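For reference, the structure is listed below as structure tokens.
Note that the chains are named A, B and C in the order they appear, and that numbering of residues resets to 1 at the start of each chain.
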């Protein structure tokens, strides 16, 4: 493997990692506030992807597609919160996890019934890769990466520079203290689920534009997203993003050695190693993991 | 018609074994195993391969299937059992997906996505195919009875008391001088063995196995079964398995009644119904149809 | 024959971020004595117990239990070495009956080993009968006969406290950390429990370190008292003397909690 191959893989990994950062971020936001790993996160992404696809089919505009995807993702998340999670939000983690499995199944089933299982591709204009010597980059990848970064920046801006974001982080850090200091939990929850949904929706649309959309696509990215979030430290937004990017690059660089099928296994192996060595994740302080 | 009933009986039997496995792990010990399908798969492929490639008799390949599945539980125990609930769930889920990846990738062993066809029927040499199906059912029932007797003794014993204590409050068990991880590993292995055994029966009944038969959906079918039946009750595992089959067969029946429903549609419908049932039961009736004796 | 051994700590410290929960806690208690610990709410008493029993890791300091040094020793191992503990908020096994809760207590039951359970049923049965007899004795003493076969989750707070104590006793430790054993317990029973603790201490040599807010009951029971305030030990001595100590009075009066 020569130098250029290495760069190509790394670039691809970076883009994939960026796209993975979105659901990982959503997972970690939901975990931070609602205190459970949401197994339907991947399916929010899939719904978003189909929303973007439908919007694109209707209007041909990529921008509308992005907005459509974001809206679909937000709708999926809010609907799931309102109908499924909110009634059981105080119950045990296992209750919430099983409910989220159920939600994911329902969404996946609905997508399958509505759109069928054939993968759908966006009608994207054909592109030539830009070449710098032996290193090639697709312009689409650049724009999509830029979009993803923009979304991440927006989310972090909200989290760190707005009162809403401060409330969200306060609740995630110490829910009892937050309640006592009068932070409006319900409003924060709705805002959080909306953000998580938008983030997932964009991820689905971006991923769909890069490859295809199909109903099971969400489930397939769930484990890598979990791995990224756990590696970064569940509940830590910065950790989730960095974890995802690291994982994306690592997976791509390892592909020549492990092949495509086992690429996914890498995330799992790294996650297990992290859980053994530093269970709170790379960026969290020690919390009760054991 | 009675071929259909026979099929149903075998499927119920296999679901019963899987439910007993999961109930032992979750209902009695509080282990959130989201990777049941992985143990099921290991059992199925082990018995299929040992009978077909190594010429072993099922009398040997079935126990081997159970043992191999149990052995795989051991590293999971080392890694995950000191972690909290939700992490255990994620790790076990990952385990079963990795198993599926291995089954797909290692074609030299497993034929990959093409699958293994021609898995020998039980008692094949003794009579006609109908006989061998009844024979399998008979063996399955025998195994179920033995497993239930074993589990009854186990759960009514001091061992059973301690694992339920671990389920209820692990920290309190620690300060009494008992190490929960030891028990949890043993239970994970025992449950794994029972699931592996179920896998062996499955392989020799279906006679054709592919990796896609062992997707996480199977795991959550069984979760649905034990929740509906009521956790921490052996009878609940049986009831749950029966209800589960009603659901899956009910969808199939619906398909016969409503025209124009394709295979893929039916698959989606089954998925959606399982999802809906999970959501509704967790909200309204987590203790199951007849009530549970454990944590929900 | 050496005198009674001790449990000692040196300089136990624990902080959560900037908040210092325990600071330089050092003490020695004889393993066959009756000792008390008091302090305002939030002083860190239960946290200290968690550190002693191994459920929390201190940032620094040493713990010695008899001849053993507790460094990285696991909670289960510390219990096996003889350290028992109850919790401020009871941790009953809520789906098990009261009797079953107690019967989980004894260490190293043959029925807890898969091998012995299936290969040595007679031995298992004999041990079970002994354990059940002891459990029944405790049930009578703790006046839990009426709820003996009810799930522990349905008990009242006071009953759960009693169960907590009973279960710790069933494990036959050499020293027990009791966290507020009297909270929520019927006053009539409190005196009986104190009497029983004295009895157990005298006859079996089991020592106790007792956190309590019920100063009257505690002072009649223990021979010496430690006072913990905002993570620091501020006094130690005979109950009467300690309570007269100005710093102690200030801690209790000053802390409006």
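What we mean here is this: a residue touches a chain if its C-beta (ideal position, glycine included) is under 8 Å from a C-beta of that chain, and two chains touch if they have at least 3 such contacts.
Predicted, not measured: the structure shown is a model, and the values here were computed from it.
**Q** Comparing B-C against A-B, which pair counts more contacting C-beta pairs?
**A** A-B is joined by more C-beta pairs in contact.
**Q** Which chain would you call central, comparing Cα centres to the global Cα centre?
**A** Looking at where each chain's C-alpha mean falls, the closest to the middle is B.
**Q** Report the chain whose CA-based centre is farthest from the CA-based centre of subunit C.
**A** A
**Q** How big is the gap, in whole Å, between where the Cα atoms of subunit A centre and where those of subunit C centre?
**A** 47
**Q** What whole-number Å value describes the gap between the mean CA coordinates of subunit A and subunit B?
**A** 31
**Q** I'd like to verify one number: the distance from the centre of subunit B to the centre of subunit C, where each centre is the average of its C-alpha atoms, in whole angstrom.
**A** 42
**Q** Scan subunit A for residues touching two or more other chains and write them down.
**A** Answer for subunit A, listing residues that touch two or more other chains: there are none.
**Q** Enumerate the residues of subunit B that touch no fewer than two other chains.
**A** Touching at least two other chains: 295.
**Q** Which parts of subunit C, given as residue numbers and ranges, touch two or more other chains?
**A** Answer for subunit C, listing residues that touch two or more other chains: there are none.
**Q** If we count contacts the way the header does, which residues on subunit B are in touch with subunit C in the complex?
**A** The touching residues are 153-154, 157-159, 161-162, 164-165, 167-169, 171-180, 183, 186, 232, 293-295.
**Q** Mind pulling up the subunit B residues that touch subunit A in the complex?
**A** These residues of subunit B touch subunit A: 32, 79-80, 82-87, 89-91, 93-94, 97-98, 101, 104-105, 216-217, 220, 223, 227, 264-265, 267-279, 282-283, 286, 295-296.
**Q** Name, in rising order, each residue of subunit C that touches subunit B in their complex.
**A** For this pair, the touching residues of subunit C are 53, 55, 74-77, 79-80, 84-85, 87, 91-96, 100-101, 103-105, 107-114, 117-118, 124, 127-128, 131, 167-168, 171.
**Q** Subunit B touches which residues of subunit A in the complex?
**A** 36-37, 84, 87-88, 91-95, 97-99, 101-110, 112-113, 116-117, 215, 219, 223, 226-227, 230, 259, 261-262, 264-265, 268, 271-272, 275-276, 279, 288-290
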